[in-house]
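Presented sequentially are two complexes of chain A, the first with chain B as partner and the second with chain C.
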Partner chain A sequence: MGMTELGKTARMKKIKVFREFGVFMVMVSLIAILSIASPAFLQMTNLINIVRQTVEIGIMAIGMTFIIVSAEIDLSAGSAYGATAMLAAYLYKAGVNPTLVFSIAMLAGGAIGFVNGFLITKAKMPAFIVTLGTMQIFRSIAYSISGGQNISVFPESAESSWIFKLGGSIGVIPIQVIVMIAFFIIAHMVMSKTKFGFEVYATGGNKRAAQLAGINTDRIKIACMVIAGVLYAFASQVSIAYLKSVPTTAGASREMDAIAAVILGGAALSGGRGTVIGTLIGAIIMSVVKNGMVLLSVPVFWQSGFIGVIIILAVLLDTCISRSNKKG
Partner chain B sequence: MGPHIQFKNVTKKFGGTTALSEVSFEIQKGEVHCICGENGAGKSTLINLCAGVFEPTSGEIWVNGKHEKINSIQKSEKLGFSIVHQEVPLCTNMSIANNIFLGSSESMKGIFINESYMREKTQELLDLFQLKLEPTRLIDSLSIAEQSMIQIAKAIYYKPDILILDEPTAALTNDQRNVVFDIIRKMKRELGTTIIYVSHRLEEVMELGDRTTILRDGQFITTKNIKDITMDDIVRLMVGREIDNNSCYQCYATDEVLLQVKGFSKHRQFDNISFELKKGEILGIAGFVGAGRTELLNSIFGINKPDEGEIYIHGKKVPVHNCSQAAIKNRIALIPENRRDDALMAELSVKQNAQVVILNKMLKNGVIDKRKSNEIMDEMVKKYHIKTSDVNNCIMTLSGGNQQKVIIARWLANEPEILMCDEPTRGIDVGAKAEIYELLRDIAQQGIGIIMVSSELPELLTLCDRIIVMHEGRKTGELTREEASEEQIMKYAAAIAN
Partner chain C sequence: MRKKVIVLALCVALFLSLVGCASKDAPAQDEGTDKKDIKVSVVLHAMNSSFYTKMADGAKAAGEDLGITVDVSAPNTASSLNEQVDLIESAISVGYDGIATVTWDPSGFNSVIGKANKAGIPVVGFNQNAEGSGISAFVGQDYEDAGYEMGMYMFGEVLNGKGKYVVASCAPADSALIARTAGIEKAAKEFPDIEFGGVIDIGTDLTNAYGVIENAYLKDPEIDAILGVDVFSEAIGTYIGTNKLQDKVKGAGFDLVEGTLEHVKNGDMQLTIGQNPFMQGYYSVLELYMNKAHDTQFIDVNTGAQMVTAENVSEVEPE
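Showing the complex of A and B:
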């Protein structure tokens, strides 16, 4: 009120940095610990490897951020990823024009999101139950397309197309990493600067109040689901381009990684809170931890347990920070 | 009888804001001690310190002559505190009896719950409160007033040493209020309970209190015997200036008809309601809780589709939709009754809450223009006197009055022609109330038509040019400002006027 304009902007910046501060410190300290514990960690090839491993989870987690901020959840993400991957692989293999295949995969992703969103908003069913159901359905679709077999070895027409170039790199930097960063920037702009983004926060913050303020909350929730569906499908195409093979279990339990990244990034499962930048940091933490465990030869049995510990500790830290910061 | 509770230089800070500053006073054993102050004066903070929700930043709280660190709710209970909070924290999915005995081992028989004991004790309690309810009724199915009564019942059941009541009567009818007052007096008389009473209704303070402590902007102003002080004195001490609501009345109503509502009916809610609203007019709707007033406003706003009825704006018929977007396009605004559930977005900032309706105005190339948004926000803060240290703080850090100002600002920014307010000053203290009255008069002067539902008759009589009275869904009367009096309104509201 009595503040100068300058003082105000400085203050705003401070708060904004602070919002992802807790999880950012977790990332920095993990990196610091691992660089001391293992000399291989900080090597360029390893770092690039980490970032590359972040790509698929990262892109899926962007979609999951939209969904969680709008106060819903999507358990079908991994199966949606698997089904679109399998569908595309089947069509590539059959020699269909790769651009057409890519478009079909994106449409399929969007349709998957729409089905989820429609059931949640119009049939008024809880997202947890709807996506628990569609998770199984999409997985079955993936199995039936593949006939239970992995699909690999694609025709030359597909492998030489622009889509498979996503698996390549410019110099040492994988193209998919550049694409992922572009996606994060766009998503960040959408969430923080557009009317749509604002309405997603409002819908997740208090659905009834948002409705009274003239926001079509059903449309917002469906839109979030559709955006997420397209992003899952895109992530699956990146994976095909890089691995040139799709296993029958593609994407299994990926939804949990995506949800974990979003939650690590400071989002509230009750909706209305969460940022794209936070999600990026969350996704990087997941990759860093996985990578570090391999470097330190942590027994395989303990690797997922360790990730669980990290998730709980990081969210605990975040809760403590926001509690000490918030009145009431 | 010595001092029961002593506050010694108690200070509580939240980040940069000081909620309480060096507050010192004493509460005697067995007295009814009222705490008065505007919203943001620090009353709730003081209560939360006693409840063990917060700890003081500095200073000490002494109970029974001993310095106590109240660092948890359990500790607070052990010291004999029992608190009835303003917002009802009951488990709505459970029965009345279950809620009364929640967290207590009294109803246990070994490892099993003694249902019949629980029901029997609850029935006694319900009788005491003159509530005709079954102990097994679910909280969900009760009215807000009944829920408030249950909450008070739960607090007194365990016969605490110190009973703290925070706005307990906000939702109650006069009869219910009298029942509660009788119970409070009985506790004081028979059990020697110390009672700390917080209310915006100064008549209650005068009626019930032995002494009162007045807080202003987090500072202790004075403690007085109720006998030695008048209501006007308390108001003056609370706000530090004189308030006169009535003298500034002026009629801004024109002859131009803005809105016509014709034959609005909805099964079990309201029946054949018709009225007109003129440009610049403040139209009040009076009636008891359950008369269908809120439902009627919601129908006009398009979120509660009526079975029958038509709306005309500027003489032109507009379709009655089942969504708020059409109403907003027709420049109708609604400030809902339940601020927390229907208006506030709790995770969002003050600024986001204020600007959610006017996003289109701030778009530049499809992106929200930060500079424009900041400019609009600065203007809002100034124009509506919103008290906040930073508009990017969470909305929940504001006091109730300031939250309400943000909600009003939200809608006025969209330049409505018709503003409907449902209990616009619920849970707001005198100072902020006066500000909101002034604001509503300003709005009327600008030619906006206002429809206002209120359960506080003085408020309607102060502000309105015309008052409609409803009883069980029917319109039973319509009074001009000259005809209206509390008595006349009550007659129509109870449907006993001829």
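Showing the complex of A and C:
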């Protein structure tokens, strides 16, 4: 490799590291401001709450990262979460072996992802339309499984299982936080170190070029959808373990939070760009902002608006920094 | 570089303005007395209806009357259990002296209310009750009784003991609405010639609700009455009035929103039942204050079922 090539590689690595810098600075700024504005912010309980509240969206957003980087979108995430939650809750309540129930929920999530992926790639339908449709279908499935009723009060056989331990803590650290961090590490390794991760970026960055390079882009997209479906299902199990109740509205609108976390983290909706680390930072920002609304007693009617403004400013700042890095 | 600085400065300015708002709203500490600044958090389950706004208004009015701080919050997505639990957790972190919340899920709030209690923060449930959730008191309507009163009036006075009815519910799985429906069915048993036509899910959007009611009536034109069990029953009156079905179909609902009251005035609906959301918010805060400031015991408060018909609708203020 010549000196010019080495220089280019070094510059590209620098850009890659700094890709999350913008949104990281936003997170740091928000934390700094809230620490000054509210004495409660830095309390251990509050910090643990913020991280715990990031878990559900964080895990869903990992899956969404794969999808968005591959240049697709998934509006059915919340409904998939709800359907798998209801299915699992129904089976837990019926006394089915919890490990079997968990496995069924994961399979169901994967199947949901496969359906989305298949329709998008083989039927050549736009992901927006496919997942808009499946969003309605999966929500109906959730209602049908439960008969329109909330499901709660699970038998001892379920609540004493390892799955419901996900809702517990080791000391002061919620187990689900540890699991979320593990997922992010694994996902980061997959996206940044494996052939599969490279192929996801290639598929999203330039599908035609990827195909010419011998990448089966349909298989990649289906795989991303399946991974995401499994992660949505896992997130729903974490929620069941923590809340021990599944309302019929479970997961409603969660897809928007997951998408926002991914975009906040620097991913491009057009595909080919985005990192799991960025997504984690994006998810944390959303939890910090929502927490901040309560700590700062922001009037209730303004809260959604402020969250929206923060999201826009965060992406704006990140975009400016990314552009500056590229010029440099 | 300049752009980065400007945008970062904007972020800082925005959040400082938030800080400014919070500082202005917080009552000044009086260093000369021992009076504790009592802070109560009110966590609603939704803000997508004037009914819920009324609850917030009641809570804030109590804060003003008592000279304490009342902060209201609600999930971005209506009836999102996860979001509402997160808000309550945040309120616990802040260290509020009391929390009032709508406990609409049978057991989903148990854990977080347990956390609050462990932190020494009492929780009052209002509007919808979840037995065994750990709340110190419930402020709201007895739902089954209210449904029963609706049924008795509509089946006895309006339908004269004969006819077919359907129940329109915005959330058929909601425990409060299930209780109201049960009350209606209990009343129906006292009229042998009253037939139940089922429950229709009208959702929480009035346009969608209208369409569902329209479809239900098209499917079964034998329906003589549509009984709503929630604030979105306004759509019943809209459908009856728009299609001039006042002679064929009778309507009833809950809550005193302006649209529903107008329907009762016009004869599109024969009854609506108020549950005093303002007082639900008000009494919840009052209970928490009395306990904190004067160590009083918590008690359940029944805000009653206010029957509003054509005879007294002009005397009622909208909620």
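Some observations on this one:
Following the convention adopted for this analysis, the second predicted complex is superposed on the first by the 310 of 328 C-alpha atoms of A that agree within 3 Å, B and C clash if a C-alpha of one lies under 4 Å from a C-alpha of the other, contacts with A are read in each partner's own complex, and residues count from 1 in each chain.
Note that contacts are C-beta pairs under 8 Å (C-beta built on N, C-alpha and C of every residue); 3 or more make two chains touch, one makes a residue touch a chain.
Since the model is a prediction, treat every value here as computed from it, not as a measurement.
When the two complexes are overlaid on their common chain A, residue A:P247 makes contact with chain C while staying clear of chain B. In the overlay built on the shared chain, the residue A:N291 is in contact with chain C alone; chain B does not reach it.
Looking at the shared chain after the overlay, A:A213 reaches chain B, while chain C stays out of its contact range.
In the superposition on chain A, A:S140 makes contact with neither chain B nor chain C. Which of chain B and chain C touches more residues of chain A is settled by the count: it is C.
Contacts of A:A40 after superposition on the shared chain: chain C is touched, whereas chain B is not. After overlaying the two complexes on the shared chain, residue contacts for A:G205 are found with chain B alone; chain C is out of touch. In the superposition on chain A, contact is made by A:M25 with chain C only, not with chain B. Residue overlap on chain A between its contacts with chain B in one complex and with chain C in the other: absent. Across the complex, chain C meets chain A through its residues 1, 3-4, 7-8, 10-12, 14-16, 18-19, 21-22, 25-26, 41, 44, 47, 56, 69, 71-74, 76-83, 85-87, 89-95, 105-108, 110-111, 171-173, 175, 201. Residue ranges of chain A in contact with chain C, taken from their complex: 25-26, 29-30, 33-34, 36-38, 40, 43, 45-46, 49, 52-53, 56, 146, 148-150, 152-153, 167, 239, 242-245, 247-250, 252-253, 290-301, 303-304, 306-307, 309-310, 313-314, 316-317, 320-321, 324.
The touching residues of chain A, when paired with chain B in their complex, are 1, 8, 11-12, 15, 189, 193-195, 198-199, 201-202, 204-206, 208-216, 268, 270-273, 325-328. Residue ranges of chain B in contact with chain A, taken from their complex: 14-15, 17, 19, 48, 53, 301, 303, 323-325, 328, 334, 336, 341-348, 352, 356-357, 359-360, 363, 366-368, 370, 374, 381, 388-390, 392, 394, 396-397, 410.
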